[in-house]
Amino acid sequence: MGLMGDLSTAIVLTAKLAGVTTLVLLVMATPLAWWLARSKRWFKPFVEAVTALPLVLPPTVLGFYLLLLFSPDSTLGGAWVDFTGSTLTFSFIGLVFASVLYSLPFMVQPLQTAFEAVDEELLNAASSLGASPFDAFVTVACPLALRGFLSACILTFAHTVGEFGVVLMVGGSLPGETRVISIVLYEYVETLRFDEAHDLALLLVVFSFVVLSTVYLLNRRLRFRIA
Amino acid sequence: MGLMGDLSTAIVLTAKLAGVTTLVLLVMATPLAWWLARSKRWFKPFVEAVTALPLVLPPTVLGFYLLLLFSPDSTLGGAWVDFTGSTLTFSFIGLVFASVLYSLPFMVQPLQTAFEAVDEELLNAASSLGASPFDAFVTVACPLALRGFLSACILTFAHTVGEFGVVLMVGGSLPGETRVISIVLYEYVETLRFDEAHDLALLLVVFSFVVLSTVYLLNRRLRFRIA
Amino acid sequence: MTLHIDMQVTAGEFRLSVTETLPMDGCTAVFGPSGAGKSTLLRGLAGFQFATGRIQCEETVWLDSSRGTDMPSHTRRLGYVFQQGQLFPHLNVEGNLRYAQRRASAAASMQWDRVVKALELDAMLARKVQTLSGGERQRVALGRALLSAPRLLLLDEPLSALDNQRKAEILPFLERAKDEFRLPMLYVSHSLDEVTRLADRVLVLAGGEVKALGETVAILERLDVQSLTGTFEAGAIVTATVFGHDQTRLLTSLRFGDAVITMPLLLHISPGQSVRLRIRSRDVAIALQRPEGISIRNVVAARILDVVSDPASPYSEVLLETGSEHLRARITRAAAEDLDLNPGLRVYALIKSVALGKPDI
Amino acid sequence: MTLHIDMQVTAGEFRLSVTETLPMDGCTAVFGPSGAGKSTLLRGLAGFQFATGRIQCEETVWLDSSRGTDMPSHTRRLGYVFQQGQLFPHLNVEGNLRYAQRRASAAASMQWDRVVKALELDAMLARKVQTLSGGERQRVALGRALLSAPRLLLLDEPLSALDNQRKAEILPFLERAKDEFRLPMLYVSHSLDEVTRLADRVLVLAGGEVKALGETVAILERLDVQSLTGTFEAGAIVTATVFGHDQTRLLTSLRFGDAVITMPLLLHISPGQSVRLRIRSRDVAIALQRPEGISIRNVVAARILDVVSDPASPYSEVLLETGSEHLRARITRAAAEDLDLNPGLRVYALIKSVALGKPDI
Amino acid sequence: RADEIVVATASNFLATMNALAPRFSAETGHAITVTSGSTAKLYQQIVHGAPFDVLMSADQAHIDRLIKEGQAVATSRVTYARGRLVLWAGGKPLIGTPQALLSDPRWQRIAIANPAVAPYGAAAMQVLAALSIESRVTARLVYGESIAQAHVMVATGGAQLGVLSLSQVYSADPSTWVAIDDSLYSPILQDAVLLNRAAQNKAGQSFMKFVRGPKARKIIESFGYGLDG
């Protein structure tokens, strides 16, 4: 496997990891954010606090604990091995788990903010038209929170691309499996291969810029059409 | 200086760094987020993309480039030395610069989402009552975006507490100056002092949980009073 | 087929407490001063606001807090027109209407063309709701509620943002909705004319309590209700039977008590059918003899039942009887004195045909 | 002291183009069907919507797109009452009012007590705006605009959400605002009675264009305007001079043309002063001889100027002249034919005193 | 007169350095601040003006480079420790030759330091090559950012076996680790050097002397490092 092959594998892997993480979080965090935005339960602030917690631990340390949690010796890791036959550590799926946990706040918070801005009366209007709460959520609250979704997905995706502390610890830098771009770039810098580091960093930045600009441009077009 | 002294220095330093970073970003990112929320310029999507860019570079790599940028040999770093007499690298102020840059998206995005939800007609109402755009921004848009501010500040603060890649690179882990908790914790793990690592991580998590819960509880109380 | 309400709603310091049984057909007007609790009543019925007590709509128990029953709003099958419109900002006009239509039964969704036509929504289907004028917005909100094919329609001042012409155009549509589809409605309005035109009965609310409930005729005649609702439009409501249409002069003749009166053509009512007319006190004058050479066509022999004068008012209210029907005339106290009007006196009530025409809603 | 408008606003497919000069005193009603562009006009004047052309208010040029002048809204010193209220949701009622007061001049901020009292806002000062009823909300919006001590007040259907009693209570307050503080207003309304009561002149808009502008009297008499505005309340506006008050019978006598008429007491007008009365066509009947023994007090000799009949309508409009004043009577075509009414005929116009009283707004 | 120095230490030596520092202070009265990171990171920081006086590298290459670039005092250079490789299985008793152990597929995951960035990782790869078992092992390798991270991977149970530094397991029961013969890899020599900014610093000079001294060597040895030269 040549260096370019190595790099392109890493790029594909990174895109896959960030994509899957964003998707998983979209599915998981949306109901949570909705609940947080609407609930009036006394324990809501505590759930909110827990949601933000993954942020305060340094990635490597979080990785350390995830490693403990995922290890085949642990309950969770062991159960995973029993069910799937493969370990959670040093595997792509393990990375996804870790990234999901780590990026949770980036998905939840913008969504929650956006959901809180949805007028309660519009939901009442929807239910008077026969829409169940779930229906109203999907057809009224979500479209109105579109900008929040965009913001949340971008933060999550970009952050997963850039993250490497957790990934390095839980993933073990296995080419094609857990060796994402950020690790490659890190290695370049660590081994003083500055030219390659510059090239890759530039590539990453330019690529991200193009993708992000496109998303924002589309978002604008979309909003002009929708709203 | 005992170990506990070392640790408490690190805690104070971390709180200071996260606090200053959040404050600086609050001041800097608020107008930017407002502009992004209201502007209809063609280049807005590109500014939005640039704003999200600091996310996609791995922290160490970002740290590396900041090191290049802040180094006394560089234009910026040199000018800084000429003006202030001290270097930007390996100093608290340098850390603040780095954290501000790194955490920019976490402040801008939730604020932008919140500002976009502010009804244009309410701003018109304010201006009909004699409020200048700035006045209306401060007295109408900002209070209405309160939840966005909270979310943005928490993301920024927590992320600055947890971040160590950039900080380690730009700051060099100097006790009392740039050696924040996340680095101490990292070093515990690296030097296999797991017991101490567990204790510190627990402390960090419990403390963060208490602080975050309090903030969210207050926010709720506040909202009940205001809205 | 009734809507049984025994409901309490608390909102801040305000408390609404309503115990009434309303028939589930025709239109019940909810009338009362601003802040009386009209919107709160409707919101409680719709389930938008926490309420206690019991609500039963036909066979279905919507709310029974003693048993913990509380049907969610979307299963109550009601249409709601909000005081502020509440159109979905992310959908255009057609999107808003289709939203309702798609969730209604198949039969109901065939209403599309009729609703769109009646409310003149064609031209604005593709428009964003943000660009609608106040009146246009309310028309869309009304159309949306109708398209959801509700079992009960709750309307919170749906026409107050409309100009007279639009009101006059939409009222018949509401009348048709009520009559043809037998769609029961609760209708909040400040306009007496809307109420007279549409309502079969009136529920008067004030301070969160029901002050009166009864047939429109009876309620609107009650002076206490009139002072509550702040209206000056005292009047009587009479039932008359159509006996002929004059297609040339565009007049309809009606028999009412012993008298025959004419009014602008009511083509949709066939001879033999009866109509309800609201005759305002202020539109009725009194003459001692039958006047000649006068443009007022309706001269009805009547007997004075009572003359109510108030030294603090320039007016007298004269209560008249003709056959089994009652009329009221509001004249100046000066006139009552000069003509020496007293109970028992036989007089003529003069009613302009024009006053019986399309009301100035 | 004028407001010079030469403004174009484009909103989607809609285009508003207005070139008029309005005096900067008194009240200018903006009248027209739904979707006519009334709100758009006000928004353009306020600077809420992009407009081209030129607006000059007294000496100040608000907009001159040829020179790139476009004063920001907050420097135009205008009060705006929105069709939907637009209260600040993060402030309570008092907060909303103080917001306006704090930004007004010191002199203006002394209005607090008067405004709060007149609009009966005392009891709700501490309330959250989300908990206000539709009518309460609009009262707060009005109070807020008044407290900002504007140079020009723009009102977009401020009273349409209010019940009759509240309307009747607030109208005098607007009248006072207009008279005592000499606060010029542009007043959008669909209610003819509000307009008659408040407006010195009327600007009729339809399809984004000015269809008519002139004194209230003149405009409201124009049949083309009446069909545009969809009102059935055709009528005439006459000027009469008070010559006496009857304190016992609570009547005021006025001279109008050659005739003397009475109406419910107008105590605030001293003898010798003149008042403007709107007399609706439907309230005027015609008699060939002076009728006797009738409760209608005002019998005015007049000459028929014209009789307008339309075979598609049951009505005829009779235009009458008495002295220098004009009157209109709406009677059935049948009556006009039976009485053989023709131009030149001398007749008597019958006007109920009651019809001249407090209008049914 | 007491001076102050900042010693930048490769992460793998940090624990040892933390033991040396108080000794040095007590002996000389100079204040000492210890900072750590990967050698590459420390190198870059030094190049960009970090206020470090001494670099305790995990290798010799970065010291060569610093001297060549004129950032360090060539004459002060000293090899303060020699790293040794061991096999460790997280504390379980370990019996067998390295060759047999490494080849045993029972160890599903074997952690080493990333050979690209860490000298211990490079040495581990040399061992595999010398034993000609790369083909049987490579697929099971996972890479830690540093030798410390490789240790963490094993300690947490994520990896079952690790090629680690003796210094990391030295204090544990000797039956839990198996030493790898020094001849299987080129020596992992860790050099220290006095940096330019401290050329005239008394404390710096005395620290370099201290590191070479018997007391320091004893401590270093007690942490499982070998001593050369």
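Chains: A, B, C, D and E, in written order; residue numbering restarts at 1 for each.
In this text, contacts are C-beta pairs under 8 Å (C-beta built on N, C-alpha and C of every residue); 3 or more make two chains touch, one makes a residue touch a chain.
Everything numeric here is computed off the predicted structure, so don't read it as measured data.
**Student:** Return the chains shared as contacts by chain A and chain D, ordered by label.
**Tutor:** Common contact partners of chain A and chain D, which must touch each of the two, are B, C.
**Student:** Please identify the chain with the largest separation between its CA centroid and the CA centroid of chain D.
**Tutor:** E
**Student:** In whole angstrom, how far does the Cα centroid of chain C sit from the Cα centroid of chain D?
**Tutor:** Their C-alpha centroids are separated by 26 Å.
**Student:** Averaged over CA atoms, how far is the centre of chain D from the centre of chain E? Could you give it in whole Å?
**Tutor:** Result: the chain centres lie 91 Å from each other.
**Student:** What whole-Å value do you get for the distance between chain A and chain C if each is reduced to the mean of its CA atoms?
**Tutor:** Spacing between the chain centres: roughly 57 Å.
**Student:** At what distance in angstrom does the C-alpha mean of chain E lie from that of chain A?
**Tutor:** That pair's centroid distance is 36 Å.
**Student:** At least two partner chains per residue is the criterion; list those residues in chain E.
**Tutor:** Residues 41, 44, 149, 152.
**Student:** Which residue numbers or ranges of chain C touch two or more of the other chains?
**Tutor:** Those would be 84, 128.
**Student:** Mind pulling the chain A residues that touch 2 or more other chains?
**Tutor:** 60, 64, 186, 189
**Student:** Hey, which chains are touching each other here?
**Tutor:** Result for touching pairs of chains: A-B, A-C, A-E, B-D, B-E, C-D.
**Student:** Sort out for me which residues of chain C touch chain D in the complex.
**Tutor:** Residue positions touching the partner: 11-12, 14, 32-35, 38-39, 83-84, 127-128, 131, 133-136, 156-157, 160-166, 168, 190, 192, 229-233, 246, 249-251, 262, 264-265, 281-282, 285-289, 291-297, 312-315, 329-337, 339, 341, 350, 352-355, 357-358, 360.
**Student:** Taking the touch rule as given, give the residues of chain B at its contact with chain A in the complex, in rising order.
**Tutor:** Going through chain B, the ones touching chain A are 44-46, 48-50, 52-53, 55-62, 64-65, 105-106, 109-110, 112-114, 116-117, 147-148, 151, 154-155, 158-159, 161-165, 182-183, 185-186, 189, 197, 201, 204-205, 208-209, 212-213, 215-217, 219-220.
**Student:** Quick one: in the complex, what on chain B touches chain D?
**Tutor:** So the residues of chain B in touch with chain D come to 119, 121-122, 124-133, 135-136, 139-140, 143-144, 146, 226-227.
**Student:** Can you tell me which positions in chain D touch chain B when the two form their complex?
**Tutor:** 43, 46-48, 72-74, 77-80, 82, 84, 86-90, 99-100, 103-104, 128, 130, 144-145, 148, 150, 154
**Student:** Please output the residues of chain E touching chain B within their complex, sorted ascending.
**Tutor:** 6, 8, 11, 14-15, 18, 33, 35-37, 41, 44-45, 48-52, 146, 148-149, 151-152, 155, 168
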